[in-house]
Structures are given as C-alpha cells and as structure tokens.
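Read from first to last, the chains carry the letters A, B, C and D; within each, the first residue is number 1.
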Amino acid sequence: MIEVGPNSYGKSAIRLVKVVRGGTPHRVRDLTLGIALEGDFAASYRDGDNAAVIATDTMKNTAYALAGEHLTGSIEAFALVLGRHFLASGAEVERARVSIDEHAWRSIGAASDAFSRDGSETRTARVVVRHDGVEVRAGIDGLSVMKTARSAFAGFPRDRYTTLKETDDRIMATQVSASWLYGPLADPDLDFDGAYTRVRATFLEVFADHHSVSVQASIWIVGKAILERHPEVAEVSMSLPNLHHWTVDLSPFGIENDREVYISTTEPHGLIEATIRRSGD
Amino acid sequence: MIEVGPNSYGKSAIRLVKVVRGGTPHRVRDLTLGIALEGDFAASYRDGDNAAVIATDTMKNTAYALAGEHLTGSIEAFALVLGRHFLASGAEVERARVSIDEHAWRSIGAASDAFSRDGSETRTARVVVRHDGVEVRAGIDGLSVMKTARSAFAGFPRDRYTTLKETDDRIMATQVSASWLYGPLADPDLDFDGAYTRVRATFLEVFADHHSVSVQASIWIVGKAILERHPEVAEVSMSLPNLHHWTVDLSPFGIENDREVYISTTEPHGLIEATIRRSGD
Amino acid sequence: MIEVGPNSYGKSAIRLVKVVRGGTPHRVRDLTLGIALEGDFAASYRDGDNAAVIATDTMKNTAYALAGEHLTGSIEAFALVLGRHFLASGAEVERARVSIDEHAWRSIGAASDAFSRDGSETRTARVVVRHDGVEVRAGIDGLSVMKTARSAFAGFPRDRYTTLKETDDRIMATQVSASWLYGPLADPDLDFDGAYTRVRATFLEVFADHHSVSVQASIWIVGKAILERHPEVAEVSMSLPNLHHWTVDLSPFGIENDREVYISTTEPHGLIEATIRRSGD
Amino acid sequence: MIEVGPNSYGKSAIRLVKVVRGGTPHRVRDLTLGIALEGDFAASYRDGDNAAVIATDTMKNTAYALAGEHLTGSIEAFALVLGRHFLASGAEVERARVSIDEHAWRSIGAASDAFSRDGSETRTARVVVRHDGVEVRAGIDGLSVMKTARSAFAGFPRDRYTTLKETDDRIMATQVSASWLYGPLADPDLDFDGAYTRVRATFLEVFADHHSVSVQASIWIVGKAILERHPEVAEVSMSLPNLHHWTVDLSPFGIENDREVYISTTEPHGLIEATIRRSGD
C-alpha cells in the first residue's frame, strides 16, 4: 500500500512593506513572510480533491489584508494573528506555521520620511499555532561576526589525514544563524520586541567577551548565558559556519606575517550546529 | 540545569573534481561534499575538550585522500565509504552523515578531453551511517519543469480574501527538489547509478504524461508511480515551489491573450512539500 | 557649470514566457528582457520635466503587448522590433537598446506539453537601434567548459612574488560569456537562429580541439576560427574567468596524485577579456 | 585580416583580511580586490607567447605581500600602490586597473577584539594607473534607501500601452550604486577617507531632504549637490534601480489602503543611469 506521509503546503516569499505614517519619523516595516499549513490534507494528494485546499493566493491576500490592522507590534505577534487565522480557516488544518523575516530600516539623520536599510542582519520569527497551543521562536540571521584574538583550536585528535596545526591564536569568523524558543516560563503576553533586544544584546556581549577554544565551546558559552539571563528562553539553537581565515605564508617573499594578513574563505567551511537547552532536572 | 541538546559538526562545501583518464573520453567527476558527525560530543561544547573532535580540516583531507581509490562508482557508494571511515574514526561518533552533489559534465562532440557542464540539474546523495545500519537517499535538485497544458486548479474554498479564479488550463512550473530513500527491499549491493537513472526516468515520464489538478495531486501521482515501479524505493519526498505564470491582461490594448503570453514570477511562490511512502499494510 | 553627462533609462528584468500552441510539441519561449533609451533626456534630470519620459512601466507593457504578434522568430528579430518601436516613440530618443536572454526549454520525451529547462547556457541578444542603423550582437552566457588535457601555462615572467610552477598539463575550466557582433557583411535579413547555431558549434568544436598554452591563446584561436568560418561576424568578444583547479597534494598521506584529484575553486579567479576582430586591412 | 582588439587580463575576487593589532580596538580591513592589466599584450593572444604575461597568481601574491606595509590608509591609496607596482612590472603594461571593495566591520561594544560586519553598504575604489597619470574613482555599492513621502511621478507621455497612473505620492526605493571621479582640482595627496565620508554624507543628506519628481530628477539633485559642495569631485555616476513598491488593492476586502501596505518587488525594475559632471564652461 502506498500512502501520503508528512506534508505541508503554503506560500513563501511574500514581500510586504508597511509604512506607519502617524509619527515622526515614519516607520518602515519590511517583511518577508511564509505561511504553511499541515493537517488532514491527504485527500488533496490522493484524490485530487481541493475542497480543503485554501489557495496559497488567498494566503498571500490575507497577509496583506491583515497587515493594516494587525501589524502594529512585533513580528511574533503578527505571525500569531496569521497563524490563528489559518488554524481557524478549515477543519483540516492542524498546524499553521508562519515565518516572518524583518529587514531593518533606520531613518536617515533627522529625516521623517527617508530611510536606509540596515543590511547587517535579519530578525526572524517562526511561529507554530496548533489547537492545543503555540510555539514561538525568534532569531537572528545573516549577522557576520569575528574575533581577532582569544580564539584557539588545539588538542584535537591527529590521524593519518590530519595536517592542521594546533593554534592558540586564530581568527574566528562566522555568519550567525541563531534562534531561540520562548518557553513555558514565558508570559503569554511576552514583550517580544524587548525579549529580542535583550537576547541579541547578550549574544553579542558574550560573544565579544569570551575566550573561544572551539566553535562548539563558543556555542555553549553564548547559549548558556542566554538561558541563564533570560528565563523566558527555553532553548537556543545555533548554526555557525566556520569561515576560515588562513594566515598567508609570506616567507617566500622574505616577509614576516605575524597574524596580520589573512585569506578569507567560504569554501569549504566548517559547520557547527547545536541546541543548548534547559534539562529536565 | 542547562545541557547540550541535538548537535552535529562537520565540513561543508568541499569542492572535489576527479578526472578519470584511463578511457576515451576521460570522465569528469565534479562533486560538492558535506560531512557531519553526531554522537557523544557534549564535552566538546560543555568542557571545551577537543579530544574527540576530529578537525573538519581532517575531514576535508580525508575526502580528497580517499577519492583516488574509492570514487570509482556511484556517489552513493563513495558517500558510504566516507561515512564508514568517519564512523570508525572515534568512539564518540554515533552517526556520520555524508552528502554529495554531483554536477554533470558531458564530453563535447567526439572530444576525449573537452567537456561542457550540464547545468540542468544536480544529482544528490544523502547517506547516514550508524553502527546498526545505513540509510541511503538519492535525489534530484534544481530541475526546472513545466506543463503547458493538462494542468488545472479548481474546487478550492473561497473566503473573504479569495480572489483567485478557478482554471482548467494553467501553466504549471516548478523547480524540482526530490529525493527518495532506498528501503529494506533494496539489495545491499544496489546499483545506485542504475536506480537513479530509472527513478529519474519515471519522474519525468509520469510528470509529462499526467493530468494535474493541483501540485499536491502531481506529487501523489508521480510519487506513487515511483513506488509502484521501483521496489527498491521505500519513500519519495518532493519539495515543489509553484512558480506562478500569470496570463498577461492585454485587453486594455485591444489584444486577445488566449494562454499565449505570461509573466513568470518567483516571488511569492507556492510551496508544496510531501512524502509519499509505503504504508505498513 | 554642472551638466548631465551620459545617461540612459529603461526597464530591466522583464520576465516573459510565450507558449506557442499551434504545433506538436508546443514551443516555450522564456525570455528576460531589458529596454533602455538614450537621447535628449537632460531636461528630465535637470528640470524634472517628464514630458519625454516614456514610463518604464509602459516599456514593460509594450514588450508583453508585442510578443504575441512579433515574437515569432529569433530573439534578435524581436529585439529589433522593440528597438524600432521605442526609437519611434519620442523625438528625444536617439538610441534604443534592447537586451534579451533566452532560457531554453526542451520537451520531455515525446510529450507535446511538458518541458524541462536546459540550464546549461543562456542565449543572449543585444541590439542597438539608432536612426542611422542598427547593431546586433548575439552571445552565449553561463556555459561552463573544461579541458582535461592539452592545456598548459609556461614561459611567464618570474619576479620576487612568483610562486606558480610552470605546467604543461593543467585543467582549464571557465564559464563562457561570449558575444559577437554581426557586421556589415551580414545580410540584413540574416537568419539569426541559424547564425547562432553555427557560431556556437564553431566555438565548441574549436575549444574542444585546440591545444591551449594560455586562456589568452584560447580566446585567439577560438575567436579567429569564428571570424574565418562565419563572414557575417565582424568581431567576437569573450570574458573568461580562469576557474582554477588545483592538484591536491596528497603526498603527506603517502598517496600519489598524478592529475587525478583536484580542488575546484572560484575565488580568486583569473579573468581574461578580449575582442578578436577584423582589421582594416 | 584578423587582429586582437581591446583586451585586458588579471585576477578577480582576491579576498584579503588584514588585522591591525597595534591599537585598541584592533582594526579589521576586509577587502575584495581585482587587478587587471592592459597594454601591448597582443602577442600573448596571437602567438601564445607568455613572456610578458605576469601570472595572475603572481598578482594575487603581490596583493598579499604588499598589504602589510602599504595597506595602512585608504583603499584608494593601496590601490594606487598596487597599480604603480604593476605598471612598472613590464614594458608591455600601459594601464593597470585596480578595484577594491571594502567591507566594513565595527567593534562590538567596548570589545577590542570582537567585530560585527556592517552589511549595509560596500565602499568601493576603482583606480587606473597609466604612465601619464592616474584616475581615482570612489563609490558606494549596495546601499538600499527609501523615501516614504515627497516622491512623485507624473506628466509622462501616455500612449496606447500606458496604464500607469500618475501619482504625487509614491514610495521611491533603490539600491544605490554610485561612484565619483576625483578631478584635476583634487590635491594629489587627497585625504581619500575624508573625501569619502563627506561625499557619502552629502549623498544621504540630500537624498533625505529633496522632493523627487522622478528618479532622474533625484540623480540630478543629489549629483549636483555633490559637485557643488565637493570641489575635489569632477563627476559622479549613479546606477539606480527603481524597486517598485505597489500599493496593494485591498478594496475587494472592504479595506481602505491609503499608502500603508505595499508589495515590494525586484522584477521587473526600472533602471536609471547617469553621470552628472562639470561642463567645460
């Protein structure tokens, strides 16, 4: 017998800009949204029955239609509004997943109506709405960070194919993709904007301050600090490429290169991924 | 208490080209590899202890070192060799995941040593090697396909935010990302190259022949055919963006446009993802 | 005094698909168009006077409106139609530049209405229409080619900073961006599709057959052959990145690597650009 | 007769990071360099004679070798050092072109050795060194800016294919690619860092303050201000995509949308390119 296994469908890459004109300066909200539904949709596959298939075009329309009234606070709050709307939109829907990326714009100088985009990072929200509750995950994407000192990598095993030298002073560079789940300790009316600001600040502060003996250790140190300082966070996940910076060998040219000139690379790269979480104890 | 949850680490984006010079024409193998290890690595995070951390640089070296002797057949077979090597490389390793993308090159005319790349699609292999067995998943990425007839979408629910018209004749276009798991019915010495060729042929033949009433129905029809025709396949997963082609309204210009001129778009797009599998019955 | 210097404006990234349904199989024309106007437009800059500024939105509409009747042959011919339309659209227009990229689709098997995209290369047309004549340039973009033998690089100067070894057997790999200008020898009713097919065939044949002592020499040999065989071509320009493939040093592992296993790279890359043309003599 | 026409060759995408460790905080210089030579290189094409062909690998080595001693100030100054080096490297070299993009990193908080990348824009330098002089061009790439008010587009001609409505209040959004040539009025020891900061400030200030009746008019107003305020600038060129933001029609849903909710798009886009310069008068 052949059956439909796990499945979902929805709309991705919905590009929405809202301009809030009430104040001075204006406020620009620049979002990329994705909506996906899961549930009892096997008939749409197996029988070609579209009776339960809310058109993804309708999902797009809904996002634009609700933005005026409901995109007034955090992206997490708007994602919850959208998620609840779609959960209620058909008996077959068991889970509505909404993802929102927010691209930051800051006003130029004292201008009220001119903005430049801060391309340094993207704020993310990933929300799942089910009949028995919600999950809210916030995060940062695309933030490039670097440590020029206090980063080492030594003590690793050596086998036949190992040529990497141990080092107590390397550059560590990565492009952060991090997200954290707000937990049962979180107030249902959590101030998502405030929480984001606080977790982000901890991330950067601890990243800047700590001594790294590996990317793995850095994930632990940063993740542990986030959990210790922010009781609303249940777990934090990071996916960190290790963007190697190799010291250039200038000795053939009679030039000493003491941790000064590097080749920065993207291919190949290490990739370290882990979740740091509160344990049951 | 705070603990290390799910984690993995490894090397990504290893670019390897092997030229097999024995025959005429030469054969070009052009691979992008990723290697990731999972297991008892919590100490590397929590204690900064690198004693078990095989350097990702060593992983890269190993891929190049083993390619001469072991990259002689399918990418699945080479991925298994690498996976077994890394599973055996330390007591802490519980799972070695190896991903290989192969980029196809075909010889130009009758030349023995000149090639052009077939950029139409990428063949993929995703292998997991554990102490108690292996999982082998093969796939196709980046293959753009289109149906210019026999594609419809109607019968979907209409609510306040629905404006999409029903249609019995639309363009369906997508960029295929598909993969299939070889199952327990598979011969341990499965001819992976042959299986790939056969599954791919079924995919294209059934996609071309079927009448689509939705992307969901297409996934079912194509997936079911793959399972019916290829007993070595246990399940097949597809992630299909619906790359909308909108009929241009030329009536303001006094021009009729009967399914002739379209705007092709990528933002936003539908996204339909499902696994079709053999059920327990 | 401050003045407006060279300027142009227009619409880019117009995505147009036309389905020709008359025959079996259908034919899919998949184009990306750009339109740009040059001429006496200083007032639109200096005085903010839009009286001569054909809206770029109108340009887009025009491309779609004319596709039904006029996109019946080569992209060069359609580009000329569009260019002539815009040259006539206002007294200020002195030059209309139209660029069209065509993305190839081939029917799947014997299907009349199912297609897969050939992503290996893009055919390009770049047309300039002036009151006193036209220029038509055709080309190929994104075609990756490789020579696994008969490619050398030696005899180059050595200075303090030279470490590259001379080699008489390296891999040469590049991604071709080539275009050629049809010249005054060209019949005004040139069969652009036929010419494209012939020039492309010469490119591939000579690339495959020749012995390369440098990318520069390859450009000369291929370009000269195109000019010698195709009198309709006045000049040919190529921009060829040298996508280095480095032989991996496996000697630390006791493994010989005789031109078998390579690291393929994209950063940094050589870049060789030249035009080969008929001289005045 | 067939001859070699315009040609150049060199190395692109050289990725170089320099860490200046003397101060607190460290300083991170993150550059992407390109080097290209022009001159009497026809023999390298026509005769396959590499005697004058400085290997592009040597160019790369040279960039790294000279960075320690010479990358101490602006990227323009370093580009001039490299350009002069290569102009002197062989009798055949008539012009050395050096392009440098600098990616900005700012220290995190008060940390001396931790940095995050400011991904909002890239600073560019394009230098040409000839035996009879140099050209220095500085610029900004990738800076996204938006005006939420005081942007209009009206008074344009209407023909059969025009459907765009006139508007006195639209969003204007673009991603700036601008560069300016330092002119003969420039001090040979121009403070390039200071000049860059000043021109950039003028760009943003005037962009924010002006009322736009078209992208063309905006280019004029901003460009003219740069020339008026900065005598060291001889001309300024801009390439501005018009990234359309369309007001969503929410009337089918009974919702008014008074310049609040927009669809942001990238395909198709207007493209307006012009140089504003000092005239001979």
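By our rule, a residue touches a chain if its C-beta (ideal position, glycine included) is under 8 Å from a C-beta of that chain, and two chains touch if they have at least 3 such contacts.
What you see is a predicted model; the values in this text were computed from it and never measured.
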item: If a chain touches chain A and chain C alike, it appears here; value: B, D
item: Chain separated most widely from chain C, comparing mean CA positions; value: A
item: Centre-to-centre distance between chain D and chain B (centres being mean Cα positions), rounded to whole Å; value: 38
item: Rounded Å distance, chain A centre to chain B centre (Cα mean); value: 24
item: Averaged-CA centre spacing for the pair chain D and chain A, given as whole angstrom; value: 30
item: Set of chain C residues in contact with two or more other chains; value: 15, 61, 65, 161, 163, 253, 265-267
item: Residue ranges of chain B touching chain D (in the complex, touch as defined); value: 160-161, 163, 252-253, 265-267
item: For the chain D and chain C complex, residues of the former touching the latter; value: 1-15, 34, 36, 41, 44-46, 48-58, 60-62, 65, 89-90, 153-157, 159, 161-164, 213-217, 219-220, 223-224, 227-228, 235, 241-242, 266-279, 281
item: Interfacial residue positions of chain B with respect to chain C in the complex; value: 15-21, 26, 28, 30, 61, 64-65, 67-68, 105, 108-109, 111-121, 142-150, 171, 204-205, 207-209, 245, 248, 250, 253, 255, 257, 259-265
